[in-house]
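Two complexes follow with subunit A in common, the first pairing it with subunit B and the second with subunit C.
Our next item is the complex of A and B:
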């Protein structure tokens, strides 16, 4: 039984074909910038791939799962995934909690509101190299933090201590990214109806109770967004281990999967292997994001 | 919902199928390009002195060759020059010549099909051999070709701050730094007297190239000029390598060298009384540090005239993306001829890789005695091993070194043996 031409067109293009035209620019953008590189990375990960000059006669043989087998047996790669997990466990909850609290406080401040909002946003828009230099100064052996801590300062000092290097980076990234998440929460807070706070107050709720029962549920969509964004940004950790701990040191204690991808794919000329690490990272991040959406997102 | 998912998968599958066409390519510019003449583009380093030399060289060429004009620019900014050049090769946008090609990256550029074998020019091999002599052999590829022209070296030596040595009660004119024991004793004195917070401060970070400025210079000296891979086998776990590793470990474990990344120049800032650098630093420290220089130490002391060190060379690559390779080759010979090498020496203080450097430029070395020992040292330099796995080999060595030597975690001999095994595997790969 064959479909009429109009029915077939509806089946393919939907009831409103003009929608394709309007969404085409974004669709092309997504396909070119996200989908194509992702699929290409998948293709690379199954080959002994390397970048070559146009016209160069090179062999890039299919290697099946060899790159994946190698990455799971490579202690440096395994360590980098553990490191990024440690990072996420510290960074994501800290980001959500502190940015929500600060946004709530900022929302109630009437004086210097703009100045304070800008102050929190400055680290985010500052060049990483400059900000890293400040943190190196603060957390060096003779830096301000150790001077304040005195005998309580860790030995070796923070960024060259295998136990403290990754938490230090997580703290740094939390501070650096905080501004953007505060802005997200500030925007969300504007959508929480005033009447709910007034009702809560009428019912005798304290400010803390009001925060738990009105603010937190009211900004839940923003919380899901912050969770997702901070997880994705954290999974792509590169600049900080590259600059702050000099290439993932000490002894790989602060290396990240993306740093290893850079070393393997760009420096050592093994982009096929780097692509396999990237695919595993994408899958891992998607799984975490799905769990976050499932448990924090609710049904709306 | 399911239909939308199916459509997405179909789209991704279509994308995937199209990728087969992305691999490799066909055709080769081949021999026509080798003889072609016309305008070309070149890149040079972005440091002030080399930019000055580069501009003058290009201006001189262009004045005499209006039909084969050279357009020059500094290497575009990136995390490293090698990364930028690698990307340019892949994109087919590499210039004709890059006057800042790191030997460690040449093997990869060659594997990418990005470099022209200079022996494909009629006088290619003869020109390189006549200019650089036997030292050029270190830059030969496994197939016998030259994919880089050995250009200039910055032979690494120990710089020391004479004022800080004097402050520590040490002889600033004849410092005792020839043997490991002497070096260690001098370093301890510098620290104990408070002359400087650290005796020396090689970068302790994990990047692969850092090994060229702590382990390799001393290994070159200790082994009498051996590369870290010789005849397909790693040499780093030989006695010379173990001695070097133990020496540096004793420096770190005594707190004589910093284990943290230093922001800035520890030598210029007087945080360290010594540094391990090449002659490029002479102009940098001029007026800031009252410096002297000696060869890198060896276990029992080797006369300066017999001490080897790491070259820290930068070479010139001629890239396959170049349409007028005939002109590029002529420019390359012009830029590395006696006149321009003399200009390079005068403007940058870096040592052209010429066989008889000191006798070719006697006036320069007479007027600039500070550079004389670097000119002498330039004839005894060691390069990193060639091939597509050089960076991976250096990273393997660096990882073992930072763990066992800098952090002091584990046995140096075992760490070097482990690294040597991995390097042997890499050396055995094509």
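Our next item is the complex of A and C:
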């Protein structure tokens, strides 16, 4: 008799129902911090949502697609999306090429390996806010970079130049995030079978050929991951335009959607509008990620 | 490999290292300069131009001690939640068999690619406006409380513990919680260090979220107070770059030192297990 309910419980909950209990805090966390806010963002984006005192009953009328229509006709928002595109076009290829190159070379050496690895990830583990301070110093009008470049320095200087502001931010982020991608590629390189290199060498392939024919396809899953993660970092851009270019300057040339979301949603008190920008950005990011997966993911 | 090739390789690797490390060296040099010297010779320490005054200057504008305490509470809270709840769910995802296990695992993978900043507006409305947790440590910690990468790392390490060990202990009548704390945890101690390192850099370096929900300067973590200094007050200081860089050194030093000391717990294999799942 007592066996029956127990076996039914096993059928429904699995052999160790305790798994649910152990996972409960995490599941609640994911629901409260990711799932619910995502749904809430969707709700806000269709309403004229505004802030009110906690507990106050206020009317927040349904406005349909008004927020979405407004954002596509808002030149500042459109500019910020173009800026992300510029950012990704510079940042993503540079990230993939340089991190794969450095990881491949680092994987071949034994001397100084640890020191080099640590040197590469120091920017990644440091706070953006701290590193921004030194980049402001390096790239200011009279900064070290311009002193070295002399007459080649752009006028006006990097971060206040409308053509250079966004590329400068893209380079900054590429540099800052590189370390973690090098680590990912290092891990992937351990999984490329040694025999493949050996047989390539017996076939008389040069080092460059075997890099193209063995290494690049061998680390393809890592490349897909690096593409995905760097795209997500790009769409999350906030701290750098906020601090490096004084709030997306000059004249919006380096603004980002998250920066506009902050300005519109919290400074201007229009969270519904900001939520709509966020939803469009999430969809855009997912589309780019899907395309990357399609074209870089291959069949394996 | 020919000698020129090997030299070229060394040059590329070394140039890379310089490019990554030089700004940090320059941060320290700049923070010690009495007057900012952006010339090429200024990149080398100059005995006549050295001072600790920038550190006093930033400390007068930003209460460094208070800001470090706030950063510490924020980071410590996140690490504590991540370790306690992350171990539990990591154990459930690897050792226990239950329905919903693969769905929960998929969720932990999915969460890593959600662009978190996009959730900040709804989270701000919920946490700061609806729950009234602005200027509150709990409100600061909540969105970061359980690091999903940490969950995946715990899971990966627990998977490597031989199943027989658990079966034997179960036959001896040990409870699952007993198994977790007395059998599994001692075996995965290195994972604990990796997770603490990895979790540390999230809240310690985070800017946007604590910036949104702290208006009271006494509640702000160092990243926020330094950013406010950079964007608002720096212009009015005698040596704004010096003070900014001094603050940057104070913010970056704990993390950099931590990662140098414990570098062997932060390698490609540790991270690989976290992201490959």
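To be clear about the criterion, the second predicted complex is superposed on the first by the 265 of 300 C-alpha atoms of A that agree within 3 Å, B and C clash if a C-alpha of one lies under 4 Å from a C-alpha of the other, contacts with A are read in each partner's own complex, and residues count from 1 in each chain.
Note that a contact is a pair of C-beta atoms (placed from the backbone, for glycine too) under 8 Å apart; a residue touches a chain by one contact, two chains touch by 3 or more.
Source: prediction; values computed, not measured.
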Superposition on subunit A - do subunit B and subunit C clash or fit: clash
Which of subunit B and subunit C A:58 touches, first, second, both or neither: first
Which of subunit B and subunit C A:40 touches, first, second, both or neither: both
In the superposition, subunit B vs subunit C on subunit A residues touched: C
Touched partner set for A:269, first subunit B, second subunit C, both or neither: first
Subunit B versus subunit C as contact partner of A:137, first or second or both or neither: both
Partner chain in contact with A:117 - subunit B first, subunit C second, else both or neither: second
First (subunit B), second (subunit C), both or neither touched by A:212: neither
First (subunit B), second (subunit C), both or neither touched by A:295: neither
Contacts of A:184 with subunit B and subunit C, given as first, second, both or neither: second
Subunit B versus subunit C as contact partner of A:125, first or second or both or neither: second
Common interface positions of subunit A, toward subunit B and toward subunit C: 36, 40, 49, 51-52, 54, 133, 136-137, 140, 246-247, 266
Residues of subunit C that touch subunit A when the two form their complex: 1, 5, 9-10, 12-13, 16-17, 19-21, 23-24, 26-27, 30, 36, 38-40, 42-43, 85-86, 88-89, 91-93, 96-101, 104, 107-108, 111, 113-126, 129-132, 142-143, 145-146, 148, 151, 176, 201, 204-205, 207-208, 212, 223, 226-227, 230-231, 241, 244-245, 247-249, 251-252, 255-256, 259-260, 263-264, 266-269, 271-272, 275-276
For the subunit A and subunit B complex, residues of the former touching the latter: 31, 35-36, 39-40, 42-43, 47, 49-60, 76, 133, 136-137, 140-141, 156-157, 159-160, 245-252, 263, 266-270
Subunit A - residues contacting subunit C, complex: 12-20, 22-23, 25-27, 29-30, 32-34, 36-38, 40-41, 44, 49, 51-52, 54, 98, 101-102, 105-106, 108-109, 112, 114-123, 125-138, 140, 142-144, 147-148, 175, 178-180, 183-184, 186-188, 190, 207, 221, 225, 228-229, 232, 235-236, 238-239, 242-243, 246-247, 258, 261-262, 265-266, 271, 274-275, 278, 281-282, 285, 289
Of subunit B, residues touching subunit A in the complex: 11-12, 15-16, 19, 22-29, 82-83, 86-87, 89-92, 94, 108, 111-114, 203-208, 259-261, 263, 320-321, 388-389, 391-392, 395, 399, 402-403, 406-407, 409
